[in-house]
Structures are given as C-alpha cells and as structure tokens.
Amino acid sequence: MAFLQDQWYAAALSNEIGGTPFARRICGEAVVLFRTPAGAPAALADRCAHRHAPLSMGAIEGGTIECRYHGLRYDTQGRCVHVPGQAQIPPRLRVRSFPVIDRHGWVWLWLGEAGRADPSAIPDFHWFDDPAWNAFQLYFHVEAATQLFVDNLLDLSHVAFTHRNSIGAASAADAQADLDTMTDGDVVRGRRALKDVEPGPFIARWGGFEGRINRTSTYVWRPPSNVEIRAEFADATDSSRAITIMVINPITPETATTAHFWIGWARDFALDDEALTQGAIKDNTQVILEDVAVIEAQQRVMLDDPGVAAVPINADRAVVAVHKVIERLQAGQAAARRVAAS
Amino acid sequence: MAFLQDQWYAAALSNEIGGTPFARRICGEAVVLFRTPAGAPAALADRCAHRHAPLSMGAIEGGTIECRYHGLRYDTQGRCVHVPGQAQIPPRLRVRSFPVIDRHGWVWLWLGEAGRADPSAIPDFHWFDDPAWNAFQLYFHVEAATQLFVDNLLDLSHVAFTHRNSIGAASAADAQADLDTMTDGDVVRGRRALKDVEPGPFIARWGGFEGRINRTSTYVWRPPSNVEIRAEFADATDSSRAITIMVINPITPETATTAHFWIGWARDFALDDEALTQGAIKDNTQVILEDVAVIEAQQRVMLDDPGVAAVPINADRAVVAVHKVIERLQAGQAAARRVAAS
Amino acid sequence: MAFLQDQWYAAALSNEIGGTPFARRICGEAVVLFRTPAGAPAALADRCAHRHAPLSMGAIEGGTIECRYHGLRYDTQGRCVHVPGQAQIPPRLRVRSFPVIDRHGWVWLWLGEAGRADPSAIPDFHWFDDPAWNAFQLYFHVEAATQLFVDNLLDLSHVAFTHRNSIGAASAADAQADLDTMTDGDVVRGRRALKDVEPGPFIARWGGFEGRINRTSTYVWRPPSNVEIRAEFADATDSSRAITIMVINPITPETATTAHFWIGWARDFALDDEALTQGAIKDNTQVILEDVAVIEAQQRVMLDDPGVAAVPINADRAVVAVHKVIERLQAGQAAARRVAAS
C-alpha cells in the first residue's frame, strides 16, 4: 500500500527543529530537517549526492547544510552550492527537498509535487496557539503501521478494555453506545455518546467527578492520518459540571509498519493549574502506552501471517468509512500514476 | 520440511498453565494456553478474529478468554461468545482451537485434525506420576531446529567431547561402544554400552562411584520428537553398585529453526535426598547448556550455507534410522494432502 | 560483486593466532585459524564435515583440530585423520583449507586456487619488522563494505571535515590541494600535497609543530584492498623540522557489507618515546572511529536505497582509478570462470 501523496504530514514538533540537523524517516524517506539562521524550516533528503553520507551528520553553515564527509554544502532547495577545492559544481549534485511549514506547534512536510503544496490544507489545530486553551504535545515512536493507530482512535469501544484502569472502566464495557458516522468528501466525522457510566480514574481526577458521568466523543478524521477528538465529560446528574478536552493526533508513517505518533492535549478549564498539566502529561503517557502495547502486538501478529482478513463488528463503522476514503484516494493516486506513465 | 501433523506435542509444563493466558509458539503457530475455572486446559490460536490482537494479552473470564483490545470473548472451542454492545455474533468470529490434555506433568497439544486426537498416543512417561521415582522437569528454549537436538540425543558418542567435564570423560573418547539399533513401526529403539570407562564427575557424584564404571543407555525415539533414555551406571568391578536414571526429552518445534526442550529426570534411588535433587538440577542444567552451545552453533553454521550435506559416521546409526521414519511419515502426510487437494 | 579471488587477504594479527582456535569470517567464508605446536599457522573452513559444528569450538590436539561435538580430528590440510571408535575414515570427511603465511605482523590468507598462492605477492610492509621504525597495529571491525573504507583513504579531502578536531583543521578545508594519480599495472599511486595549513591538534602534538605546516601524503593502493600512505609533515617555514609516518591499512571483507580494518602506524623518529606511542595509539583510535562513524552511516544509507549512483567530484580521481582496476580484475575473474565452466 503506497503512502498517500500530495499530503501534509506532521514531521516534528516545531521546537525540535533548530540550528542542528534533525534526522527522521517520513513515509519511508530519510529526511534531514533544520532551520536557517533566519528561522525558516527546511527539509532535504538525508543523503549527500556525492558519496551518500547522511547530511544529518553535518552542520548548518549559514543557510546551508554541510556534509561531514567531504564538506559539500546544500541550500534549502537541495542544490549543492559549494564543493571544497572545486570551482564548477555539476548540476547532478543535488538532493530532493520537501516543502515544510510551521503550523500549530508542528512542522508539516509536504509529500508530493511541490507545486501543489497548499498551506491551507493543513488541519486547523489552533488550540495550540490559542491562549484560551492550556495545551501540550507529546511524541511517541510506534512499531506499528500508522493506520492501526488511526483505527484504534476511531473505535472507542476499546476504551473500556485497553484503558480499563485509566480513562475507561470495566463496568462501562457493555454500556450501549450511541454511534454516529458521516463521510463528508475526504473527511469522516462521527460521534460516540455513553450515558451514566463510571468515568475511569484519570477522567474522575481531571474533572473532579465523584460519581457517574455522560461522555461524548466527537471526532474528525482528515487525510492522510489526522484524528481530532473533542471529548466532553459531564456529571451524569448535573450537566453543568462538565469539562471539554481536545485530543489531537497527527500520525505519520515512518515506514509501512512503524509510525510517528503525537498527542496534542488541550483544555479550556483550570488553565493555570500546573499540577493538573503535569498530571495530565503523566496520565496521557500511560494511556498512549496502553494503546501502543496492544497495537504493536497486533502488528506483530499481522506480520506473522499477513494473509488473514479482519472480521468487522458494529463498532467499526468509522473505521470502515475511513478505509473507504483512503482506498478512493489511493485509487485516484494510482490512476494518476498510470496517466503520467502512459 | 513441514512439521509432522496428527501428533501430540509437549506444549508446556502442566503447572505453567493456569488462570492467566500463557503464550507460546508451537510448530510455527502462535498459541494461547489457559485453564478454565474448572481446571481444564485449553489452547486457541493467539489472534483475535476481529482485529488480530493477541488473545494472550487478555484475561480469563469464566470459561472464556477476553480480548484486551475490544473485549470479544471466546470459549475453549474458539467460538466468539460475546461482542460488547452487539447482540448478533457473526459466525466468522472464531479462532482455531487445539485439543490439549494434561499427562505426566506436561500439557500436550494435538497438531492435526481434532477428530483423530487419541490420548492413548501420548507416550507413557509415568515416572513423573509415580511415587517410586523422584523426578523433576526443566525447560530450555533453544535457537536450533528440534531435529538437531533429537540427533544429539541419538548419537551419544558426543558425551566424551561435549560433556567431557560433566557426564563424560576425555579418557572414554575412544572406548569401543557396543551399539544396537532397531526400527519397530514408527518407533526406533537402541542401546549403547560402554565397559570400564571413567564416569565423568557428575555421574561419579550421583552414584557415589569411586572408580571406573560400565554405562548402558537404552533409548526409545517416538514421533514426533520424544526421546526416552534409560541410563544405567554400574561399578565396573561390582555390578551390585548401580543406579538407574530415566532421562525424558520431549522436544517441540517453536519454528523451523527454534525449539522448546524439556528434560525430565527421574531416579529410583535416594528418593529423599533433597541435596542430590538440587545438585542434579544444577548438574543437568549445565549438561543441557553444553549441548545447547554446540547445537545452536551447528544451527548457525547450517543456516549460513544450507546446501551442505552431512557426512554420516558409524555412530549415526540411530540418527539415520530415525530420519528414515520421519521421511516416511512426511511422505505419507504429503500424499494425504495431495489426495485431499485432488 | 564477487570478492577478488587469487589474492592474499590479511586475516588476523600474527600474535592473535596460537594454540587455541580463532574464528573469523573472511570474504564471506567462516574460517578457523590456529597454530600447530611447531608454530605454523593453519586455516580451515570452520565447519565439521560430519554434522556442521564449528571447529572453532574445539581444541588443538597435536597438529590437528578436534571437533567439540563428536571428536573428529582434521589436519592442517583439512583431511579428517581420526573418527572416534571408527577405523575407516570416509574420504568425504574433509574440509576446505586455505594457504596462510605470517608476514610483517599479519597472518595472510590466500583466497583462490592454492597452487597459485605466491608469497611474494604479499605487500612489502617491512616497517613492522624493522628496528629503525617504531610501529603498532590496531584492529577495528567495521559495519560497512571494505571498498567504502578504501575510498575514504583514497580521498583525503575528507580530513578537513571528518577529522576537523584531530588530524585535520576546518581552516584547511578550502586549501588548494596538489593532486597526482597514476595507475601502474594493478597498482594505483598518488600524491596529495597541501602547503601552509593548520596541522590539526594531533599532528601538532606528534611533530611538536607550533605553527602552520606543509603536508604531503604519498599513497599506494594494491589489490585486493591494501592502502599504504607515507605521510610527511613539515614546518611551513622550516622544512628541516619534519616527521614521516607510514600508515598501513590492509582491509579485508568480512561479508559484502562488513569489514576487518587494520591500521599499522610506524614512525622513524622519537623511537624510544613510549608516551608518544601510547598517545598515538589513543589518537589513531579516535581518528579511525571518526571515519567509522561516517562510513557506517554511509553504508546504512546505501543499503536503504541501493539504486542511487554516486556523483564524483574532482577529489575522487584516485577513487575512480582504483575502481577501474578492480572492475578490470573482476572482469578477468568472471571470464576465467566462464572458461572453466565451458
């Protein structure tokens, strides 16, 4: 399955990219990210055209990156602009460059034809720029395909089992969920509501809930693999006692079977409660690692015998809808490649 | 080389299987073993039919195993009996189950057609149930093919070299062995007798021997890969000073090139000598690790260049006889598959 | 790319080979090296013909090597000369032997037809036998193809970048090098001279230089992969203040993508300065590890996408000349194989 092309992929947190090279594999491509002295992010193939040393071992010199091996320098467009002791530079001495842009705390990398890179296609995750919200962003490397983590987020029936000791509760396992899913162009939206369930210890702590709650998750999936969840928790007997959390998950393939995962977590309550923030960082780390343990095991099982089909259940409605959009986008991509090749 | 089908394979020690799932790969198949509250052992494919999470990450709930991911429950026959929040259960939601039985301290798993699983085909290793014997069972994971360890046990000429400091002696290396091998249906029996040799330090200790001994090993190989050795050691000058040890080795393929190995060690003397038991556990662990070191190295050499044929020597008589039986059983198995496919 | 045949390859330091077996993979072949009691080196395929245990687990018994598994013994020509308990030895019980010879501190192994092994083809690295020189030899295992390290040594423009804090200096990066390369049969010779450059801290220390220097490297590449560098450093303003160092690098493929690397380092000054020797061992270790870091990264990048061609620069003149000789030798080798096969 080819990676979706002509898409923005989250590549790194903006504050990870600075004046020293940062190496990361994105959709199978070895990429080096860095900033020019002016602060502009840049992304190049991480491979000197001369003898294939990784440019990420080098140094930023002015607006260029210098290879650690023989000192060749490349500008942010991937053109070699300096070969030590040599006046003429062969035009073949160049490396692929990728459009990149800082937005909402992430550096986004455009995989596809540079001319089609439209910054407005980056999802609006403004909560990380908005002083009305208290937000943090965490990164996890996952030994599993991106889509497996997307599917995890789209089928929240797993919360009562995978997260039974954190944000779910075993007692809620058989609660009747009110499910709603809708495909809107290339976007899938949905809602999952549970009434009068145990909150799970973390949610009880975040919201100060003492009894049962109603929980509603409103989610949006956008290609290639961005999941946005508005999580609303309210006291089951007093709906004025409620909190809202935005859970933002860009997920980026590293390879076909490994992924870069971020959770952005934003709240509009108790903005100055630093202890709550630190607790939530710890709690969310545990929750994600609960998912990672299951998803990585799932990936290993699938790699062990790749020919086995999944059997869908009712809770997979959003998963199925998203898979359909992806198949449609991939079919279009394949057709475009055939046209280009003919 | 396909694994022999329609065979009982040792899967675990009986006391390893209880109320929490136990994951083990058997003949290439990922299997989860557990017990129902009534104590009956069960074995299922370790892969939820829904989304492929390993069932071994889950929990035993009543007589069922519950998936950690989305809470599906399977009975001991592999049928899904519960999907949270869903009344109808699609019949495709099922996983393979394997017949299993407790016998002589091991859980045996039937690989093949369930209807042909005959408990009486499990080898009679009664020494582990018999109060007239003092017995223990040890497990080792081996990075080598099962057959390589079987061959090791069938050619005891290795004892003087591999175990020269434990149960063999360099001085016995060129002793003339009296060898006898016989194929009896699917079973190979043999005997190897040495007269008037140094005992090796461990055997001297176990039997209290002060001088040279006669040693006779009477062995039985039964498919798929069970080796039973009756080891008799007697003072070379006083045959009334003798001990008998039963060494029982079921070996089970994990994959084509890795194995589960057990040594069951039973004695009919000094039954209450706990110090002897503890010493023998330590001694046998050393002996097995001496074998494992050689066999794993042998496997690495063979994997490095798989096309090289072995050159048999006289001592390989039992090895050759067993290989012939296995080839016959595999040919029959292949013929049955062809009939089934036509 | 096949390994060059009918060549002497450095296999080990002479003082590493003694009365216990020494295992090393040479050009993809698992080899066991040992010495007979008379001190003669021997090299055999590291695989018993009987059941494939590595002979290197065994012991030297007289002039033979004894297998740890079943006690078979092989002489230095690879003939089995003893099978315990068996009078007749099948002629197929033999393993490949390799001609080996001690020379200049290394054991050299002949890969090719034994009848063509000519000791005079071993390079004359006499500095390691000559009391007029103070010399040491260091070994490094490298996770990269042999040729990548050869190329590194042939393009010394890397010194200002890879070794900018040891034997190079960033300030010398754009110094104009005077380059000279010449192919002489199967040998490539060259010279690289820099005038009036910073010496780098290690060279300043070795030569006691206080200011800028002239540096001349005169190098010889000999097949299969031996690089000899005469490094001359002289005070830029007083040419009588000069030192000469011979840097000898035999490099031997372990596999197609891993290598055995030696640096032999010999000086003809301050012969009795043991502190200088110890410092130079430490310094050269750092320098080699600086190279290894870049070369191993380069190899990983190349393995990641093997189809990408290198783009040569002017400094690659010697690299290109050596590649041409190797291609010619390999073409001759392939032609000889075709003749032999027809």
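Each chain gets a letter, A, B and C, in the order it is written, and its residues are counted from 1.
Rule of thumb we're sticking to: a contact is a pair of C-beta atoms (placed from the backbone, for glycine too) under 8 Å apart; a residue touches a chain by one contact, two chains touch by 3 or more.
If you're wondering where the values come from, they're calculated on a predicted model, not measured in any experiment.
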Cα superposition angle of chain A on its copy chain C, in degrees to the nearest 5: 120
Copies chain B and chain C touch via same or different residues, half shared test: different
Chain B and chain C: spacing of chain centres that average the CA atoms, whole Å: 47
Contacts with 2+ other chains: residues of chain C: none
Chain C to chain B touching residues, read off their complex: 30, 46-47, 49-54, 57, 66-72, 83-86, 90, 92-93
Chain B contact footprint on chain A (complex, rising order): 151, 155, 157-158, 160-162, 173-177, 293-294, 297-298, 300-302, 304-305, 308, 310-315
